[in-house]
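These notes open a run of structures that come right after.
Each of the next two complexes has chain A plus one other chain: chain B in the first, chain C in the second.
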Partner chain A sequence: MKKSLLLALGVVLLLAAILRLFKITDDPPGLYPDEVAIGYNAYSILKTGRDEWGNSYPLLFRSYGDYKLPVYIYLTAAFEDFLGPTDLAVRLPSALAGIIAVVGSFFLAQEIFFLIKREADPRAVNLYSLIVALLLATSSWHIQFSRAGFEANLALTFVILGTWLFLSALRNNIRFLPLSAIFFVTSLYTYHSERIFVPPLLLVLFLLFRKTLLKRPKIFVATCLVSLLLAAPILALTFSGEGLARLKTESIFNESGPVWENFQTNYLANFSPDYLFFHGDQNGRHSVKKIGELYLWQLPFFLLGTYALLNKRSKAGVIVFSWLLLAAVPSAITRVSPHALRGLLMVLPFEIICAFGLWVFVAKFPKWLIIGLGSLAVYEFLIYLHIYYVHYPVAYAADWEAGQEQTALYLRSREDHYGQIFVHPNLSPVYLLFYLPYDPRALQAANHDLSTLGKYQYHNLYTQPVKADSAKKSLIVVPPNIISADRPGKIREIKMTGGNPAFEIYEF
Partner chain B sequence: MISRKLTIILFSAVVLLAAVLRFYDLGKNPPGINLDEAAIGWNAYSILKTGRDEYGQFLPLVFRSLDDYKPPLYIYLTVPAEAVLGMTEFAVRLPSAILGVGAVVLTFFLAREIFREERDRATLFGLLSAFILAISPWHLHFTRTAYETGSCAFFTAGGLLFFFVGLRKKRWFFFALSAVFFGLELYLYQAAKVFVPLLLFSLFCFYFREIKNNLRLFIPQALIIFVLALPVLYQSTTLAGQMRFLGTSVFQDPKLHNINLSYQRDDWFRRDRISAAVLHPEVLSYASDVLWGYFSHLSPNFFFSGGNGSKVDYVSNMGLLYYWEMPFLLSGLFYLYKAKNKKPAWLLTAWMLAAPVPASVTIGVPSSIRTAVFLPSLQIIGAYGLVNFTAMVKKNYPRFLPVFVAGLFGVVTFSLYFYLHMYYIHAPRQNSKIWYYGYRQIAEDSAKLAPKYNKIIVSNTLDQPLNFWLFFLKYDPKTYLTVDGGTISGGFKEDRNHFSKYYFKPVSWDELKSQPGILVITVAGDLPKEVPVLKTYHYLDGRPSVIMAATNP
Partner chain C sequence: MSFDFICSRDRILLDVPYQIWEAQSADGGLNVFLTRLFHNKLLFYGSNFFRCYLSYFSPDFIARVFTIFGLIFFLLGVWYLISRKKRFLAILFLLVPLSPLFQIPDTVSVQAGILFSGFGLVMIFGLVSAVKSVLALRN
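Right, the complex of A and B next:
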């Protein structure tokens, strides 16, 4: 690769890294329960080879009954080997996945461009691919999910790498094909949406390239067989009781109203301008809610890119638009739609199309217009950064259950001074499990009884708890407004970022 | 491609279909008229008999009506209908239906004119556009009821059609006709006051060269527009003209504003003045609301899913366009921009982009009522997409062509059948409330009972019943203005409106029960439980609607 290209790519990667790693444990403020569950299950695997429920090296982690997919948890376990059971260990895999996704998108974009124009000028290819990488690096959608332990983000990286290697295999070296298959299969084990998205995508890829694939039957068939073999367990499990558990609680089949209508409304909601360009996903963990999933200035380029891509009538267009349309399905069959996390796969085709629109634009339009639009883009990006780093952790601290972590850490630091610590159920047990950390063997031995964790005793605190050893001092941990303000003994109030009280701690 | 005789047959068939769909049970479905329609009906009758509206204004250019300052054209068009048919629901809705069929006719010629260069296919575009408009749920709903917004399609199509004919034939007469259509549209509906100028401006830009070369022909057009527009312009400067805008504009809503500015305030508290000023400026707050209001009308869910506000959601689970229109709308845009002559693309795009503008500064978005000016651009684009997409299939996948066409035919027929089924079987029963079902019966019953009572008090909770009673009792407008003093005001809480024995005010049973000989008409559940109810009326779905009670004689 030429030096200038390497330099440019390096800058984009550095930008991606900074945006994802800077203050990653402070913003989003605090791990939310799913992240903590991941962290603890990973710790449990690391120490005992079993998950929190005592299952040995499971393929589905029961956790809260949502049966999480395994790859992210095992990866976190590996990180915890070096970093211990910390916030960083849980979030770092996602951040690294995000950075790798940016690299992967660069190479994927190259392959897409070569599909549009076989003998393309390398400078054009590289410029286009750099734009894609830059857009993904600075995408508020992608950044949001790269900064916390979201399996969907890791799965997206696998899909990007899988698709890149697939196209590269067909163009350069067919030996990449098995590698591509490995990434696709791994993605099936990483996040739920991929189980719905990847098979149809692979079907599309097969139909588009069947002639080329069938010219190398040995490696193709071998790859298929091995992939099916590797994927068989998860596919089988998908149709089991546990696999369907998540689907049952979240799907539209359980919703009131006609299923088909709900599906249509939910599906189309993923393409609503308000969601994409103005206010984003209204779940406080999924976006900053004042900026859309994509930047407003991307709207005209999305239209331009769609038109230009369709006009070229190439396999690239089929791949990109199939990806886009299929990626909206997972969130459409669930009750909440639009859903930026379940639909995270959509971000890549959006950036590819916008980049294509930009690339056409950069070639044709006058310099002053480019500078003007560039300034607008930078301005909107600055607004996003300001909101994300200054206002977001304060305004949406509650969505991240901020305060639970601080409470658990505080209790850990003071627990030696007390005989018993009575905890209100509002402090989710996983936080205690992860931050103490509580010995997984003890939990397994107690058959996952969460009411007593060593000296921590869960109590609904309607009445004053009875101390086991009345000689020693004890603590009570309650959310605010449960105990009347004039009761003596309050030694600490744990606040969320932004000052809202999370828990109060009383000595007695 | 299509012979002249076949064209005439197909065209007649489409127009007949449009007429049947609009005139069948006109006045009966939706079951009952709403308060705007009653207001229109009464004011038109009042003009017919006395030349004055319900407030006594002579031939007004703005009808104060329910304090919503209605534009005048539709009401004046209702006058001849009522002259012939009397003051009936059918008469009130007749102009809308006629202009609806007229819009279908004009759309045929308009689409054919826009794509004239494509020769054979131009007629096909015309026929398909007209057909899609004829069966369009959006257009049907607004042309079977007296919503002024539905008639905009007629005037927009006419204005554009004669503009293009004028360009082709180079005769000033057509431009003048075009000007008349556009100018009249300004008097038809509020949104037109913003939409028509935008559309005219686009025409001016796109056809600048043609206009420059034929300046002479345009002078009458410019003059007519100017003359017609002048009163409207003048009105916009008066308070009466501005009332509707002020009532619905988004700039008046402090709550939205405050939410958008909460971050600005937070920054001020953090003493970060630079961020507060640069990153959260106030103008962006309004801009964000306006832009969002604008784009909410270009969202797929707006067009294709139901749920656009209770007043318009008559047929549940159906959108404004059929689902099958979606791919053809998208491909229509694509093919338009691929064509050699880009002017149709620009025109239709400008039309599409201008349509949501008036609604974007209002509260209560997205609104399918305020953006009905979209029609029939979406139908024309859809028709263009349909024909070109079919041609693409024919060229590239000829073996699939019969399957595709048969499938398409099936889907279109089925959707139309489904829509009609929902519209005629389910919708009246489910949504009779928003059409004030039964009010005619209630009013007539109250008239029969009137001799026995001293006063009849009709509660405001019936949603401004004054016009309903005037309408259904066929009261004499002259008497209303001279003897009863006309309408005092159209406010929701107005309690001074009355005519003959009928008084329209909020009902308070404690005050009334001591007065003898009063018949009280109010919504079910409004009176204390002990009060004996003379009669209960019901909506078509069985829920109680209105009750009558009386004080002791």
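Right, the complex of A and C next:
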């Protein structure tokens, strides 16, 4: 690669890294329950080789009964080996995956471009790929999920790398094909959406490149067999009771009304301009809500890119559009739609198409217009950063369960002075487990009984808390507004970011 | 999510004071210049307008008014509209969603009909062009 290209790519990567790592433990303002569960299961695996329920190196983690997929948890375990059970250890894998995805998108974009124009000018290819990488690096959709422990983000990275290696293997050296297969198989073990998305995508890729693939039948058949063998456990588990547990509670088959109509409404909702360009996912953890999943300035380029790409009638168009259309399926067959997390795979085709529109635009239009539009894009990006760093941590603190972590850490620092600590169920046990951290062996030995964790006792709401040893002082943790000011002895009030009370702690 | 709001002039104009008040309160002690830079009338009016305008091109809305055949001819119509550069028809189609701006808010019930006219136009254009192409193939 040329020096100038390396420099440009380096700048994009630096930008991606800053956007994904700056204040990563403070904003989003707390770990949400799934992240904490991932963190504690990873800790448990690291210390005992078993998950919190006592299963030895499981392929599906029972957790809350939602049966989490394994890759993110094992990866977090590796990070916790160095960083301990901390927020950073849970979030870093996702953030790094986000940065790698930006690199991957650069190389994938190159392959896509070569499919459009076989004898392309290297400068054009590099410009196009840099635009794709820059768009993904600054995408609010991708940043949102890179900054917290979301398995979907890691899975997206695997799919990007898998597709890049697949196309690269076909263009350069078919021996890389097995490597691509490994990434695709890993993605199946990482997030639920991929199990619905990857098989049809591979079918599309096979149909497009069947001639090239069948020219080297040995490598092709061997790759297929090995990946089927590697994927067999997860496919078998998908159709077992445990694997279906999540699907049963979440799918549209559980929704009232005709299934096809629900599917259609849910599917199309993923393409509604209101969702994509104005308000985003209405779950406070999935977007900042005040701007869309994509920036509004991207809309004309998305339309231009769609038109230009369709007009080229190349294999690239087939890959990109089938990726886009397939990626909306996972959120369409579940009840909440549009769903930015289950539909995270859509972010890449959107950016690729939009970048193509930009690339066409840059080649055809005068410089002053490009600079004007560029400053508009920067302005919108600054608005996003302002909302993300100023509004978001305050407004959506409750969505991220802010206050749970601070309470658990405060209790940990004071526990030596007290005989017992009575905890109200609003302080979720998994936060205590993770932040104390509670010895996983003890939990496994107690058959995952969460009512008593050493000194900590979850109090039954129907009876008064009674001290076992009346000579020793105890603590009691309750949510605000349960105990009035009549009762003295409040020693601490834990607040969320922005000042709303989360928990009160009394001594008695 | 369903298509849950009918766009009207009021929707674009009357929400803005509240949006500004909300944004100012959320910014709190931030530099006034920055607050003005990130939250101002121009942005709110602009984004409310575009949100309203684009909601008519939302696939949920289009899927609601067409049967599957209607949808096929509509998409064909859009394709021919662009590839054959039918400027006048395209402009008509793109201007129809502006009608709520010029309408008394109480006549919302008529709105749906007016809005559908743009889609209907394109769908019929798609149908006619498709028929013509088929006839051209036979000759």
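Simple rule for what comes next: the second predicted complex is superposed on the first by the 504 of 508 C-alpha atoms of A that agree within 3 Å, B and C clash if a C-alpha of one lies under 4 Å from a C-alpha of the other, contacts with A are read in each partner's own complex, and residues count from 1 in each chain.
By definition in this document, a contact is a pair of C-beta atoms (placed from the backbone, for glycine too) under 8 Å apart; a residue touches a chain by one contact, two chains touch by 3 or more.
These numbers were taken from a predicted model, which means no experiment stands behind them.
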| item | value |
| --- | --- |
| Joint occupancy of chain A by chain B and chain C, clash or fit | clash |
| A:Y307 touches, of chain B and chain C: first, second, both or neither? | both |
| Chain B versus chain C as contact partner of A:P258, first or second or both or neither | first |
| First, second, both or neither for A:V394, with chain B first and chain C second | both |
| Partner chain in contact with A:S337 - chain B first, chain C second, else both or neither | second |
| First (chain B), second (chain C), both or neither touched by A:R123 | neither |
| First (chain B), second (chain C), both or neither touched by A:S272 | both |
| First (chain B), second (chain C), both or neither touched by A:L382 | both |
| Footprint overlap on chain A, where chain B in one structure and chain C in the other make contact | 264-265, 268-269, 271-274, 277-279, 296, 307, 311, 382-383, 386-387, 390-391, 394 |
| Touching residues on chain B, where the partner in the complex is chain A | 263, 266-267, 270, 272, 275, 279-280, 288, 291-292, 295-296, 298-301, 304-305, 307, 317, 323, 334, 337-338 |
| Complex contacts: residues of chain A adjacent to chain C | 264-265, 268-269, 271-275, 277-279, 282, 296, 299, 307, 311, 337-338, 382-383, 386-387, 390-391, 394-395 |
| Chain B-touching residues of chain A, taken from the complex the two chains share | 258, 261, 264-265, 268-269, 271-274, 277-279, 290, 296, 307, 310-311, 382-383, 386-387, 390-391, 394 |
| Residues of chain C touching chain A in the complex | 1-3, 26-27, 30, 34, 37-38, 43, 47, 50-51, 54-55, 57-60, 63, 82-83 |
